[in-house]
Amino acid sequence: MAKKNSEKKDATKKQKKGPKARKVRIGVVDTMFARYDMGQAACDELAICPGYNKTFKVITQTVPGFKDLAVAALNLIEEDGCSIVIALGMPGSAPIDKQCAHEAAQGIMQAQLFTGTPILEVFVHEDEASDPKVLASVFENRSRKHARNAYWMLFEPEQLRRRAGQGIRQGFDDAGPLQLK
Amino acid sequence: MAKKNSEKKDATKKQKKGPKARKVRIGVVDTMFARYDMGQAACDELAICPGYNKTFKVITQTVPGFKDLAVAALNLIEEDGCSIVIALGMPGSAPIDKQCAHEAAQGIMQAQLFTGTPILEVFVHEDEASDPKVLASVFENRSRKHARNAYWMLFEPEQLRRRAGQGIRQGFDDAGPLQLK
Amino acid sequence: MAKKNSEKKDATKKQKKGPKARKVRIGVVDTMFARYDMGQAACDELAICPGYNKTFKVITQTVPGFKDLAVAALNLIEEDGCSIVIALGMPGSAPIDKQCAHEAAQGIMQAQLFTGTPILEVFVHEDEASDPKVLASVFENRSRKHARNAYWMLFEPEQLRRRAGQGIRQGFDDAGPLQLK
Amino acid sequence: MAKKNSEKKDATKKQKKGPKARKVRIGVVDTMFARYDMGQAACDELAICPGYNKTFKVITQTVPGFKDLAVAALNLIEEDGCSIVIALGMPGSAPIDKQCAHEAAQGIMQAQLFTGTPILEVFVHEDEASDPKVLASVFENRSRKHARNAYWMLFEPEQLRRRAGQGIRQGFDDAGPLQLK
Amino acid sequence: MAKKNSEKKDATKKQKKGPKARKVRIGVVDTMFARYDMGQAACDELAICPGYNKTFKVITQTVPGFKDLAVAALNLIEEDGCSIVIALGMPGSAPIDKQCAHEAAQGIMQAQLFTGTPILEVFVHEDEASDPKVLASVFENRSRKHARNAYWMLFEPEQLRRRAGQGIRQGFDDAGPLQLK
């Protein structure tokens, strides 16, 4: 069982201990364009994570649309000192919206590489469900699940490790691991 | 209500106060290629924002086509000291135009990440409306709305916050938030 | 008329005046792959611009294909001191050629952002016209028009300003501004 | 036989010899999203490579989804000192999944260029096989083969050289070289 | 004839003359994935170029697949001091292969811009010909032609200049210049 014996990366190394330890900062950036308050859902989840406003605090920002998320996330990291950012947006259903979503996602990818810091891209496509109630549950669930993932990445990486290869999903039910037999 | 209690990012931190405070600069770059004077519409909106030519001033440039916007915006930031740029262009309706628009948008995205400064991409696609009067209203409305967004991002970020997740649009009517019940 | 009153960017600031002023350099890079000598057309236009070989001179290079243009343009800027580059190429008509053109265009975009210097991408697609005489006129006209644009960007930016939003084209007739009434 | 006489790059130059020689580090990053424990397969293969835990050791990390692999791989290199990283993920079968896979792959490509360090992208697409047993064998085989490739790249580059142009595959049978006669 | 009179870029400036002059290095990187030994073809051509192993020498490396070419080429430049690299690969014929080829090509483009050094992308798509003998001739011819181009770019740039706009091809017959009359 090589994986179990391999050295596991300590994702919490950026935290400083001691009396002067600054609270870890988690950034949440959302948009006016989305048709659901995704940022609120993410903040609600973070508020029930251990250490909220004690070991970590949340910094929020709202931008016009999802193409504005990348540079905002980059600045939440570089200027505001966030250790991780949750970037939430809703691409529309037209072909041009898909292309814009692609550009926005590429920007979020690059912002991560420029800063060496994870930015969780949380996109709900307007056409993922036709029933607004179902779509709302996707917005709420996916935003919360990724907020929890961000918390785990900083403070409880073993939660991610034990779910490796388990077909975990956000927004819909988990797919689960493949049944091989 | 975690989001309300979270720390809000102060987008105006780049402004310096005092007798020697330099005016904040907003860049506006447009093209010869577009079939509507989008730069003029953006400038007209900025001219009616509070503090025009007092707390902020506008710097304009015109380039040949929308693929030339990205480096021009980058230079408006790096050489001319703009704190935000509004980049306005009109992609045509042929497939190759869509690909060029994609390249132009990727360039604008990267210019933001290279400079850590927002550049609002304001594209009106020539095929968004067949009626030239309707299309003209899209040009005028979207250019003005994004000019206002740029102003808000620098001076009144709470305007963006209170519209988070509200389905705000530029060019056409707002989509509004999802009606869940 | 806010735009008229806005501060206009002086694109000629890189020129140094005085007895030791070095000539401004304009780069022209073309390919063996193209089926028309686009570089010659660009050089012919520059040769009739005011100040040719007095206030500015032209540096040329030929590379194998259009995917080799980006790094050549970057080096014309970084190593040879060009203030602008005209990059001329001809993508073929097969789907793979379109993809290659996309990659070449992305490279030219990035080279601009890495250097903070405009590179005018002048591509003529082999399938823009079926009549070789028409296609030749597109090659000649577009190459010349963009060479003139490069000259204007460096020395007469007001030529671009006064054409903002006028539907200016290179290779074919101008589309003109939208007739709104 | 020019190739035989050419100078061959020594891929092991990053290793330092002597009593204080630090073990070479190989990074393995996988996801919760995948439906197979690809990281375990990679680690199992590395555990049977010569020098395991003597000349090299393995550092593992699990992230939520395949779009989170790039920045994690970058940090395994820059912060944890890995000389190569194996990045394992499973894109889904919907069109949006293909686009996301493209963005993830672009990020992994960029992370390599930013760090000057190879990151082997090991993606198994959920629709590569309809039979779950076949798909599982693809997951296991491709993850192991690329883990072996990573080992070869660091310690036995001649293994790669002698297979140049031989149509080697991971996950399915080798295609073999073209039969020209 | 402006082009003739323009200043021509001296591509050989990186060579140092004199008794201590180091040989110029040309990198050749190929893959195990390809079904033809493209690297050998490139090396065979370089071996018959003037100055082989006198004014220049060749450094070779083999990587698993074509997505691994970009970082290998970058390191051949940055670590091994190559003045140009020939990167040879064979994308397969499935749609996902086309996407991977796009990502690989983007990486090669970026590696050029990061290093300011040309990397000639030599891709033969598995579906360019159905007859394996024809395909083999494409592999051999394109690999050799681009190896010759690399040599010309370093040592005989006038060979490229005199072929500007002549519809030169690698792998198949030259298209030739357009016949305008």
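Chains here go by letter, A, B, C, D and E, matching the order in which they are written, and residues are numbered from 1 within each.
Following the convention adopted for this analysis, a residue touches a chain if its C-beta (ideal position, glycine included) is under 8 Å from a C-beta of that chain, and two chains touch if they have at least 3 such contacts.
Everything quoted here is computed from the prediction, not taken from an experiment.
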| query | Smallest number of touch links from chain B to reach chain D? | reply | 2
| message | Given that chain A and chain D are copies and touch, would you call their interface same or different according to whether over half of its residue numbers are shared? | response | different
| When the C-alpha atoms of chain C and chain E are each averaged to a single point, how far apart are the two points in Å? | 26
| remark: For the pair chain C and chain D, the C-alpha centroid-to-centroid distance in angstrom is 42
| field | Two or more partner chains touched - positions in chain C | value | 102, 106, 110
| said: Once the touching pairs are worked out, the chains link into a ring; list them from chain A, going toward chain B first. | reply: A, B, C, E, D
| query | Considering the complex alone, what residue numbers of chain C touch chain E? | reply | 28, 30-40, 43-44, 46-47, 52, 57-64, 67-68, 70-72, 74-76, 78-80, 96, 99-100, 102-104, 106-107, 110-111, 114, 132-133, 135-136, 139
| message | If we count contacts the way the header does, which residues on chain D are in touch with chain E in the complex? | response | 1-3, 5-9, 11, 13, 98, 101-102, 105-106, 109-110, 112-113, 116-121, 125, 146, 149, 153, 157, 160-161, 163-170, 175-181
